[in-house]
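Here is the structure we will look at, set down as structure tokens.
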Amino acid sequence: MTTSLEQQRLDRQARRSATLRRFTGHPSLMIGTVILLLLVVVALAAPWLAPYSPTRTSLINTLQDASWAHPLGTDQFGRDVLSRLIHGTRVSLLVAFWVVTLSLVIGTIIGGVAGFLGGWIDRGINVVNDILMAFPGFLLALAIVATQGSSLESVIIAVSIAYTPRVIAVMRSVALTIRPRPFIEASRSIGMTSTRILLRHVIPNALPPVIVVATLSAASAILAEAGLSFLGLGVRPPIPTWGNIIADGQASITTNPLISISSGLCIAAMVIALNLIGDGLRDALDPQMRRQTAKIL
Amino acid sequence: MSESSKVLLDIRHLSVAVRDAQSNTPLVRDVSLHVRSGETLAIVGESGSGKTLTFLAALGIAPNNIKVTGGEVLFENDDLTKLNPSELRTRRGTAISMVFQDPLSALNPVFSIGTQIVEVLRAHLPMTRAQARTRAIELLERVHIPDPHRRVDDYPHQFSGGMRQRALIAMAIALEPKVLIADEPTTALDVTVQAQVLELLSQLREETGMALVLITHDLGLVARHADRVAVFYAGRVVEQAAVKDLFHKPRHPYTVSLFRTIPRLDSPVHTALTPIVGQPPNLAQLPEGCPFAPRCYLVKADCSSTQVKLIDTTDSEHLSACHHWPEVHPGS
Amino acid sequence: MFAHVGRTLLRLIVTGVGIVSVAFFLMRTIPGDPAAYMLGDYATKESISSLRAKLGLDQPIWRQYTLFLSNAVTGNLGTSVVTGQPALQEVMASIPSSAILAVSGLVIAILIGLPLGIVCAVRQGTWVDVGVMLGALAGISFPVFWMGLAAILVFSYWIPIFPALGSSNAKDILTQIHHLILPALVLGISIAAYIARLTRSAMLEVLSQDYIRVARAMGVPERRIIFKLALRNAMVPILAVIGVTFAWSFGNAILIEAVFSRPGLGSMLLKAILARDYQLVQAGVLILALMVVLINASLDLTYTVIDPRLKAS
């Protein structure tokens, strides 16, 4: 007969491996993660992976078709498209990374404070957040970039501001459901300060849905950056980003479709990966499905 | 209850399994039971014992990955397991009806009660909407819902818990089924309402000669309302008897253990509760032989190797799955 | 019922004021001097100070804000520096073209996305489900402007059946429709992807509910269960997503109009941004956001019709 401590350890182990199995058993989650990891590797290894410098122009080699020297051809300035695409991975990953990080950090703090403390603070934050969410995300990012000028930094800031309100809203609503729970009251009764409760209880419990929202926001953020760069308002050439490569290829779409097509496929690959991860996380972390099947027996 | 009343529903050796990516787990094994007209059969067992699933599968409304793997379900000369889906559909509601546990979730929130009853009526009978509506009002009256002319247009959230259960029952008897299966009809209700609902079911049973199958884990309910009882464990029927016989002379260790878990008002103060030892069975990994063996107070060496089947004990119609049944004494 | 309408209205007003304020403060965050920004290369000391005086930029910020608010309420959103016309007028003139595109895109999206979502839910796990959902995943992952370019490549050059230009000045409606089809299809398909995904998950959720099991247990035919009993319940989240995607398509109108060279609110906004016509940009962003809010608010009111539980609260 095992002791109760021994039993607890076994239980914890069983739970952890059950959770792990839920992740690895989910094909779309695995595929998404693999794609994303591949893209990270490409971005990190870009200077070594890319056959040419992405900004190296050549006036004689403009608008070449695909060849062994240039597997995806060259653009209107003679730059190798493949190299530009590889380097473009960096920008997209940077945007994704910053948007997720900023929205998670700012979103959980603001949303947690609003949902947990309630009252005036909550109402104030909620009103401002609702107003920000009333703007379509891309439009808000566009407006911010229009006023702040086009650069990688302003794009990242603009997109983060545009997509953080979502995270705040989710965090807040989860915090609202956690607040009345008995274990929170219990924590208070033993003298825990609100800050500690927020950090140790509310936020960890709220993380799963918040992470899902942040991941899906990152997907929207990449599409937004691409759109901004395509319009010429985002990251400016010669820095290669998938969005402005599509724009470069637009003029020659009939003669050299590869330029725009291939950069679009890159964007899609990263966004699909993020969507798969977000969807997969949401399914894997959703206990409701398990509850539903239990009812029948 | 008379010996000459006929058998309406006859389930014979029914087996049901769930099929998923990894395995094929039997959930119901070799279940045989029958219901006669005018009688109340109680089905008792823990959650997961297969008591609800048996009937869901019999009616063809179990979830998609759960299939009947053997046996037959006979109703008035038809084997329900052999019918095609649309034939089976015509039997549901008209021949056999089922009422589920939670009346709030069992009623569609965006339609009025009247609309839902009309939907059921018109699914089987050639009525106009007006005729169906009139019948719906009659049905609400029959289940003692006050002011039915007005309430027929109300939505589920406008009814109280007890009235919702009555409305559900109204829907279930709308087509005058011969067998009504009530799955935990009172679990979601408070005690006073429970009594009313069961009173209603008994009354309907007397008026129409309908058979009632009561799926429950509440033994008090069984004692008060059932004529016969079937006890489920790990997907099998382990004992089947008339209600008096079951309570006075249980013939399976599981039944005895169940009775023991109920605290008695006449036992001395501070008597410890006696739970059933061990863990509920994992249907995917059942041991050989008797599924109750790991937890049985009467277990013998041959229990893990003998095939389990229902045995006729000496009393009429008292079946037990324990081949050591003569040694089962209540209260020991 | 009226309380709900009243509350929606109140929220609308607060949000409206909020949007106007955001538009105001956004323009004030432009680094440096807004007047210098607007004049760009033509900035001289005198022209800057005279423009500042003209725009009231030399007043304290709160005075500017209240002035802006009161002007906005009366419909005065400033003047376009480029055309000299009132900004509001310019914006309103550009709306019809965008509205036609947005509405046609939405109609196409609903006609394609809703049935596909239902089919996938009913046939969950089959090849149809997997295939359509993969397609929908692609639909939400490819940038909508790329899909526009690809569509032009395929349907205007390789198989020339549609014009690459998204609009025409021809008087007859058939030509206009001909020019509208490609951009509307591109927009429609990208929205349909969202709608299909959400319809599927909403229907799956509803179909697993007890009341659906009860309806089956009572022998109601499956078709009726899906299209009447289940769908009505799924409608509220589905309508919500339609509202959200409609809003999203307004935000993305600028991209489609750019790809197809189609006039409208989006392309007007782009031109204004590039020309540093900040009053026009401000007006455009403001009106667009207000429209989105209005549409969502009206959708909000329809929910009570669908789900009677909402009437009670």
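To keep things simple, chains are lettered A, B and C as they appear, and every chain counts its residues starting from 1.
By our rule, contacts are C-beta pairs under 8 Å (C-beta built on N, C-alpha and C of every residue); 3 or more make two chains touch, one makes a residue touch a chain.
It should be emphasised that the depicted structure is a prediction, and the values quoted were computed from it without experimental measurement.
Asks: Where the contacts of subunit A and subunit B overlap, which chains show up?
Replies: A chain counts here if it touches both subunit A and subunit B, which gives C.
Asks: So using the touch definition from the top, which pair is joined by more C-beta contacts, B-C or A-C?
Replies: Between B-C and A-C, the larger count of C-beta pairs in contact belongs to A-C.
Asks: Determine, using the mean of C-alpha atoms as each chain's centre, which chain is farthest from subunit A.
Replies: B
Asks: Taking the mean of the CA coordinates per chain, how far is subunit A from subunit B in Å?
Replies: 50
Asks: Could you grab the centroid distance between subunit B and subunit C? Build each centroid from C-alpha atoms only and quote it in angstrom.
Replies: A distance of 53 Å separates the two centres.
Asks: Report, in whole Å, the distance between the mean C-alpha point of subunit A and the mean C-alpha point of subunit C.
Replies: Once rounded, the distance between the two centres reads 22 Å.
Asks: Note which residues of subunit C are touching subunit A in the complex, please.
Replies: It is residues 11, 14-15, 18-19, 21-23, 26-27, 29-31, 137-138, 140-146, 149-150, 152-153, 157, 208, 247-248, 250-252, 254-255, 258-259, 269-270, 273-274, 281, 285, 288-289, 292-293, 296 of subunit C that touch subunit A.
Asks: Name, in rising order, each residue of subunit A that touches subunit C in their complex.
Replies: For this pair, the touching residues of subunit A are 127-128, 130-132, 134-139, 142-144, 146-149, 219, 223, 226-227, 230-233, 243, 246, 250, 253-254, 257, 260-261, 263-264, 267-268, 271-272, 275-276, 292.
Asks: Could you please specify the touching residues of subunit B with respect to subunit C in the complex?
Replies: It is residues 59, 61, 89-94, 97-98, 100, 102, 105-111, 116, 119-120, 123-124, 155, 157-158, 168, 171-172, 174-175 of subunit B that touch subunit C.
Asks: Taking the complex as given, what residues does subunit C use to touch subunit B?
Replies: 209-211, 213-222, 224, 228-229, 232-233, 306-309, 312
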